[in-house]
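Each of the next two complexes has chain A plus one other chain: chain B in the first, chain C in the second.
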Partner chain A sequence: MNLSDSKLKLLIAGIGCGLAAACLAYFGNPANMAFCIACFVRDMAGALGLHSAAPVQYARPEIIGLVLGSFVISAVTGEFRSNGGSSPMIRFILGMVIMIGSLIFLGCPLRMVIRMSAGDINAWIALIGFACGVATGCFALKKGFSLGRAYETGTGSGIVLPALMAGVLILLTCTTLLKFSEAGPGSKHAPILISLAGGLVVGVLAQKSRMCFAGGIRDAILMRNFDLLTIIAGLFGVMLIFNIATGRFVLGMNTPGIIAHSDTLWNILGMYAVGFAAVLAGGCPLRQLILAGQGSSDSAVTVLGLFTGAALCHNFGLASSGTAVNAETGEVVAGAVTANGKIACVICIAVCFIIAFTNKRNSKRGAAV
Partner chain B sequence: MIEVDARGLSCPEPVMLADQAIKKGEGTVKVLVSEPHQKTNIEKLAKSRGKKATSKAVGSEFEIIIE
Partner chain C sequence: MLRKKTMKLVITFHTTADAMAMEELCKKRGIGGRLIPVPRSISAGCGLAFCAEESALSELETAMSEIGLDREGVHHCLI
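Our next item is the complex of A and B:
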């Protein structure tokens, strides 16, 4: 069944993803995260020991489920294509940029939408930066930006990332090798089976619907096509109803405990970097996981960039902190962006500009006709 | 006939290149793509531009004729 050939089907797919997100929130995932790709890849990087930030270490079954869901449905429907070779190392850098920008804002584009549905005004402000980043990427595309062609590879190359994810699932369920947070966001999670099922369901829906948060705005700007925005509207609608119905909707900017900060400029610039890099990479973090699941080694390399970016964020103090209440004094402590994070964000945006305007169609072998 | 070889390119390049070719208004456009979702996107583009699209699989890839 093709979910991407009508707006109604796309809306239903978005509602399905929203229901999965609401279930994951209900069963214990941290505030407004549901299945935030940046947060959960970061947690998984911590579980694997790539960084040592104790509060954010847990091999999230949602991430595993997303990749495996995409892998299984694409294999069943004949859409699995093992390919690669479209500027993989540039995609690796773009993956790092997406993660660094996300952890400065505190969330990937998916979490931005979920935070918007929970009344977080900072997320609405960050949407401006994200849309501007996507628009800048669209400008580069119009000027002839291209990372060149991917070519068919042996099937084994496309299976590596799904196989690695299955391996992490085995380590999570059958061994005690992985790190696991005892406090903080990493300690909050839905039961493993529910998380895995949620990931699998969204993986299947996202693969069939081509769900992409950067792609939604990109297609609206470039082609006046609003199909992908329809899915996001469905997800937003479900999460808005869920948040209001369960008392999670809090309209404000300095709400403690929701893992967010109100440093407006850096919320905008962080998501600007994410939007820009996501368009250059051909999709948001969720879409990269889905494409990696259906055989793209280029997207798998982008996912490895996400993991490396997450490790750098916590090893070098780039990630922002969320507004919280001091347990002893009861005072609200404002979340903040670190000095290192601000420098990294500026570098990330500069790198995006260099990549966007030095990789042209027709300028190298293998570029488009 | 204009031929657009968009095989192996990332989204949205195949659709952008196909759209440019359609806008030239020089009759039939043949588009080659690698991925099933790109085939669907090109078909939707053709429909939105008031054109008729006919697709066929060529090995593991796709050929779409827009006229």
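Our next item is the complex of A and C:
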């Protein structure tokens, strides 16, 4: 089945992803987090003991489902291609940058759209930063940026990440080895089977439709092609209806309880780093998981960078805090970006510029012949 | 009104940068064509491809070989 030969089919794919996200929110995932790749990878890193932030530790079956859904559908349709070798360590760094930028804003591009659909004006402001980041990445592409070509590898290499995800699923369902949050966002989740099913469905739809948040804006800028943005529009529409219907739509900037902050400059800069790094890495966090599922070792390395970035964020105090209500006094406590987070964000943007303008096609070291 | 699809030449590359180099090359030499997302029927990847009229194949092949631009594949698709 070709989901991308018409805009209507792409829109339906986006609606399908939106329905899955809405179901997950309905069945217990945190408010307007629903299906945030960065948040869920961060939770998974906590469950594996890579960081010790107690409120954000849970091996999210959605992440496992995304990779396995992409793996199964690509294997069944003959699209599984084991490949790699396109500057893997630079991709690892880009994965870290994407995660650090996401946790300064408090959400990946997918959650940014979900937050936008819930009336969060901060997310609309962050969209400016994200689009500017993608535009800067496009400028670098026009100037000849390249991480070099990927080469075919043995099948085993492409299967490693799906196999690791299957292993985490076994640990989650059959053992007590993983860490679980008793309070906070990590403690809020849909039942495992529903989460896994949601991940599998979105994994299949995203693999077939090539859904990508950074790619959508990149294609619009470079080619005036709006196919990938059609998918995002479908997802946004479903989540908007869901939020309005369930009373979760709150238009505002300092809304307590939705795990967001109103530090405008850093919302913009955080998502700027994400958009920039995502174009350089060839896709947003969701797309990296999907590509890893269909055999790309380069994307698998980027995913490892996401996990490492999540661990750094919580071990070194880079992650921002969300606006919340003090349970004792009833006062609204504004969320904030930490000093360490601000420094890290500036470093991340600088690193993106260095990567973007020092890795060129036809460079002397021949990375991209 | 929907544009009628016609058979086109689609050249794919190993990297996005190569596809963009192809676009620049064609602009310089006045060869018609444009960048498009790699059609889903060709690949599950999300790179860029160069789309041109089928009749331009030999001209494009010559231009690519002159500057040593390595293509991944040449396809004929309804675009």
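By definition in this document, the second predicted complex is superposed on the first by the 363 of 369 C-alpha atoms of A that agree within 3 Å, B and C clash if a C-alpha of one lies under 4 Å from a C-alpha of the other, contacts with A are read in each partner's own complex, and residues count from 1 in each chain.
Keep in mind that, in the parts below, a contact is a pair of C-beta atoms (placed from the backbone, for glycine too) under 8 Å apart; a residue touches a chain by one contact, two chains touch by 3 or more.
Quick caveat, the model's predicted, so the values are computed rather than measured.
Peer 1: Let me test your reading of the model: by the given contact rule, A:Met223 touches which partner, first (chain B), second (chain C), both or neither?
Peer 2: A:Met223: touches chain B and chain C.
Peer 1: Going by the contact rule set out at the top, does A:Arg248 touch chain B (first), chain C (second), both, or neither?
Peer 2: Touch partners of A:Arg248: none, neither chain B nor chain C.
Peer 1: May I ask you to decide whether A:Arg111 touches chain B, chain C, both, or neither, giving the answer as first, second, both or neither?
Peer 2: Touch status of A:Arg111: no partner.
Peer 1: Identify the partner contact of A:Gly283: answer first if only chain B is touched, second if only chain C is, both if each is, neither if none is.
Peer 2: both
Peer 1: Of the two partner chains, chain B (first) and chain C (second), which one does A:Glu152 touch, if any: first, second, both, or neither?
Peer 2: first
Peer 1: Could you tell me which stretches of chain A are touched by chain B in one complex and by chain C in the other?
Peer 2: Residues common to the chain A contacts of chain C and of chain B are 2, 4-5, 79, 81, 86, 141-142, 146-150, 210, 215, 219, 222-223, 225, 227, 282-283, 361, 368-369, listed in rising order.
Peer 1: Across the complex, what residues on chain A touch chain C?
Peer 2: Checking each residue of chain A against chain C gives 2-5, 74, 79, 81, 86, 141-142, 144-150, 207, 210, 212, 215, 219, 222-223, 225, 227-228, 282-283, 287, 291, 294, 360-361, 368-369.
Peer 1: So in the complex, which bits of chain C are touching chain A?
Peer 2: Touch list, chain C to chain A: 14-18, 20-21, 34-37, 40-41, 44-48, 70.
Peer 1: Please give the residue numbers of chain A that touch chain B in the complex, ascending.
Peer 2: Those in contact with chain B are residues 2, 4-5, 78-79, 81, 83, 85-86, 141-142, 146-152, 210, 215, 218-219, 222-223, 225, 227, 281-283, 298, 361, 368-369.
Peer 1: For the complex, which residues does chain B have touching chain A?
Peer 2: Counting only chain B, the residues touching chain A are 3-13, 15-17, 19, 34-37, 40, 44-45, 48, 60.
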